[in-house]
Amino acid sequence: MKDKILNTVVGNLIPFIQIFGIYVILHGHLSPGGGFAGGTIIGVSFILYRIVFGKEFSQKKLKFSVLLRFVTIGVCIYGIMKGYIFISGGNDLHFPQPPLGTPGNIMSGGFLLPLNIIVGTVVAVTMYFFYCLFEEGEI
Amino acid sequence: MNLNNIILLPIVFPFLAAIIMSACNFNEKRRNIFAGSVILINLIFVIYIVKSFGEISLHFIKINEFLDIYFKVDKLSIFFSLLASVLWSFTSIYSMEYMKHEKKEKRFFTYFITTLGVTLGIAFAGNLLTLYLFYELLTLTTFPLVIHSESKEALKSGKKYLIYSFAGATVALMGMLILFSITNDLTFVPGGILKGNKQLYFVAYVSMFIGFGVKAALVPFHSWLPEAMVAPTPVSSLLHAVAVVKSGIYAITRVTYYIFGADAVRTTGANKYLIILVIISILMGSFLALHQENLKKRLAYSTISQLGYILLGILLLNKNAFTGAMMHLLNHAVIKITLFFCVGAIMYTTGKTKMSEINGIGKSMPITMWCFTVSAISLIGIPPTNGFISKWFLAEGALLEGKVAFPAILLVSALLTALYLLPISIAAFFTKENNEAIIKKDAPLKMLIPIICITIITILLGLFPNFVLDFIRDMASEVMN
Amino acid sequence: MERLITNYYETASIILFGIGFATLLLHSNLIKKIIGMNIMDTSVMLFLIAKGYIQGNVAPIIVDEFKGVSEYVNPIPTSLMLTGIVVAVSTTALALALTIKMYEKYGTIELNEILEKGDE
Amino acid sequence: MTIIKSFPLIGVLILYLIAFIMPLIKKNSLVKFLSVISFSTCLILFITCLRYVIYNGSYFYKIGHFDAPYGIEFKIGIIECVIAVLFAFISLMVSWYSCYSIEHDIDERKIPLYYLLINILVGSLLGIVFSNDMFNVYVFIEIGNLASCGIVVVKGKKENIKAGLKYLIMSCLGSGLVLMGIAFLYSMTGHLNMTYIHESLIKSYMNYPQAIIITLGLFTVGLGVKSALFPLHTWLPDAHSSAPTSSSAILSSLVLKAYVIFLLKILYRVMGKEIIFNTPILNILLILGSLGMIMGSILAMFQKDLKRIIAYSSVAQIGYIYFAIGLGTELGVVMCIYHIIGHAVTKSALFLCSGSIIEKTCQKEITNLIGVGKEMPYTLALFFISSLSLVGIPLLPGFVSKWYLAIDSIGVNKLLLIIIILASSLLNAVYYLPISINGFFDEENSGGKIYKSKEKTIKELMPIAILVIAMFYVGINSEGIINLIKTALA
């Protein structure tokens, strides 16, 4: 895996993949795509990174504990936000209801955008974990 | 209301005492005093309750119409509780001495006292569910006593005893279930609560009779009794002559006369089939006892046949037979406990248990053997003794029912009782002691006192029975209207 | 019987379900079992989405303006099946991880061999 | 006042949020403390919610801003709240017990992961009980399915992984069937919300006769596999005996019951009485239930391993629960719920006692657990008391439910059933009592054991003692609980 051509090609390619992934996440709630699809794309870029540059190099860059903390915080924030929406919706509690958002502009979706971003990151990291798990049996 | 709580005292007090007993370990001497005093205090409680008889009844835990623990004092419960607590006190004195050569007395006494509480619970039970609850507890508390010596064989017979009692309890539970679904009321009312005749009554009555019969050593289910003889003598004497077996009989009397009522049982016609079973158990018990080598096993088989007498009296469903049965319950308890005590005394002093070993023992242990012979004679039923009175009433009841066969069976089995009891006395007194010199070494004093007192009671009951007889008579009239 | 012919999506999915169910139960190789499990899940998804399909309508994506309700296919089963896919993926991932561990510990992934080996 | 209405949802959310915080915390004791805190807060929430529901009746709680047919909603009734309180109480006790004993079962690094799985599992069980939306219940079932496989496998030994994989495959099978059932229901009615499905089914069940039978079949088999109904129970003994103690306690007392509750909801809330009475479903349940009762106990008799005996006995008790449903009468359903409560308390106490016994004496076979009574008298005494309840001594929940089941079966005048009930309670006695008897009384080969040598400290026995007291409470005031459930069903 150490040959020069692959490294340089992949080195330039990965940033573009990641940008496309971010684009898909951001436009998730208003156009086809969304957190899940965008997250998988970014996850694929991590995996590509690991295949090409080998285990110990990617270990240094994407440390397991950092990613784990990232995922758990992401899920907690997701839980709190969704919980707030659920509780506020519960029967006749008149908390301010986040706006439903008009198709077309990003910022109008109230909670939808941050939720999508979090889902994207979580899915990306889990994809990466799956791959590492199956490649060496241990992340 | 507080007066009614008194009824709880004799049941709960032994439990507490047992817990105290197991918690702090006294030395040998103080423990005996503690056990003896607990049982005597209990006896006083029972007598006090008996004095204020009649209006005491208490719903201990009333959850719903079926799940309530209900205690009530009535004539039958006084009769049984008095019998149990008096004999319990004698056995406690006896076992203080006897348990010396068995180890682990502390555990023995804890379970011994708890069983007293449970038996009084059965005596005072006001409805069938409380009776069933204490009936199950009786199995659990007597189990450690049965397997006291913890030898391989004791554990095996303990297991058998457990399986028999649990199977019997389940069959009795089935009867209770069917009964409850018809009447949904299980309280004991003299004269019975069932009206009319339904096919289900037959099934309920038979299953309850067999269920409780297992504990009363009915023939097909009797084999646990001789094997339970592996337990130490105070256990086998008290439990298998008085508490466990009689509670089976007590439960059957409760079911027959206080739930079904005599005429309801007669209409179901169940008693015709069950009487055959009872007769088999009378004859089988005596035949098996004839050639038993081990003394305790012989007495166990004789218990089976004597219990058959009592069941016969109950099943004949008339006043005289009922009186005869209750009298025999009392006499048999008193006589059988003396017989067991004497056999225990022989085992304790000379270590002999076999028939062949005990010839000539009358000279070295005169008092024990004299009491043994007196009780053996009264069990056979020779006129002046109390055994005769109960057999007389049983025969009268049988004749009243128009069945001539039963008195004949009673006489045959009386003969058989003579055949298997008297050889012991003859061997003890008249056969020549083969070689050792006759050393006069009778049982220790603490064992002799209970034996002598109970033999005196047997003789008194024989000569002046009418005090107890009138009590039983008006109990019978109350039940049989 | 003719009803089976007309909505052939449903029949196809039920046949697929049967195949998946059988492979899951009968095969002793663990990987084959997991494949069977996946076939079963996909067949249920096919069944549900086929239920949502309305002849001649368009996929429920708003391209430029909203064409009224009757134009679009029923979106609910498709959205349900999104979660269904996630669930199927996660169970398969767990099952595969366990198979790897089994291979490490037992050396084989044939279930009947493992059962005998496991007993000793 | 209305905040109480959203307590059930808050409870479930708390469980999930705290679950995901756990991997972040480094110190294990803090993780354990956190999980106990989360369960106790849930317990308090559910008790207040129960009292609220008793006074003001059950209500529908719509989640988010979309009302019923489209949004998801929770149905908070008396039964759901009683079961939720039961689940929270038992998981509190089990997690309190596991605080002391978990180090023996799994290694250090995995403890935060373990408590994460426990929290998620209990959260998903509560979800199954509360939710009124079919697909939502399916998602909760899947989460519960993965979490319970996780806690079985967490030990990482050979037989754990085999049992975990077997469990995973069987429950995936089950949830596949359940999903197919939901698909059928959706195709028939077009709704996913149970109350709406019920309304449209009542109107249209005439023209789908076979489809309804297929759906019922799918649900019964699917949920039967997951709740270890007799012929489909093969995974249960391996999973429960190899899993660590606290997880096998939760598995057998809570997880199996949630699926039974869901089946009850489908039978009585989605399908309704008239539909299921003309299908043979109830008799099938009756037969399977009684088979389970008898075969479960018979299989338990031949087992050598202590935990496998208790696992098989929970197969028998699940047979009791299905027997109660199969009776079909209203009292039958009441008794089914009562037995769920009674059995959950007894079984968790039994599993915890056996776990502590195995942990201390590190002997799994009952043959060499002979003198354990001398060494651990209190633990074995607690074990004996809870086994008494299963054997059916009056005043304990086991007896009460057996009694009412028998009365009910007489009411339905199927007398044969009493014999089955009594036979199975006798069989229970045959395999439970020898354990305690050999433990306490066998002097012969337990001579060398010193008194109370291996006894766990009082602190560790406290949760089991509280469970046994709760068992007595359930037994004593059984009348109150039964009336409560009766009012709920009316």
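Chains: A, B, C and D, in written order; residue numbering restarts at 1 for each.
In this section, a contact is a pair of C-beta atoms (placed from the backbone, for glycine too) under 8 Å apart; a residue touches a chain by one contact, two chains touch by 3 or more.
Since the structure is predicted, the reported quantities are computational estimates derived from the model, not experimental observations.
Quick one: point me to the chain whose Cα centre is farthest from that of chain D.
B
Taking contacts as defined above, which has more of them, C-D or A-C?
C-D
Could you give the separation in Å between the centres of chain C and chain D, each centre being the mean of its C-alpha atoms?
About 28 Å separates the centre of chain C from that of chain D.
Averaged over CA atoms, how far is the centre of chain A from the centre of chain C? Could you give it in whole Å?
25
If you average the CA atoms of chain B and of chain D, how far apart do the two points sit, in angstrom?
That pair's centroid distance is 45 Å.
Could you state the distance in Å from the CA-based centre of chain A to that of chain B?
81
Please output the residue numbers of chain B that touch at least 2 other chains, ranges allowed.
Residue numbers touching two or more other chains: none in chain B.
Would you please write down the residue numbers of chain C that are in contact with two or more other chains?
Expected reply: no residues.
Can you tell me which residues of chain D touch two or more of the remaining chains?
In chain D, no residue touches at least two other chains, as defined above.
Provide the full list of chain pairs in touch.
A-C, A-D, B-D, C-D
Provide the residue numbers of chain C that touch chain A in the complex, in ascending order.
61-62, 82, 86, 93, 96-97, 100, 104
Applying the document's contact rule, which stretches of chain D touch chain C when the two form their complex?
135, 139, 142, 145-146, 149-150, 153, 156, 158-159, 161-162, 164-165, 168-169, 172-173, 175-176, 179-180, 183, 186-187, 192
For the complex, which residues does chain A have touching chain C?
Against chain C, the touching part of chain A is residues 32, 36, 103, 130, 133-134, 137.
Taking the touch rule as given, give the residues of chain A at its contact with chain D in the complex, in rising order.
Listed in rising order, the residues of chain A that touch chain D are 68-69, 72-73, 75-76, 79-80, 83, 85-93, 97.
Within the complex, which stretch of chain D touches chain A?
2-3, 5-6, 9-10, 13, 16-17, 20-21, 23-24, 59, 61-66, 71
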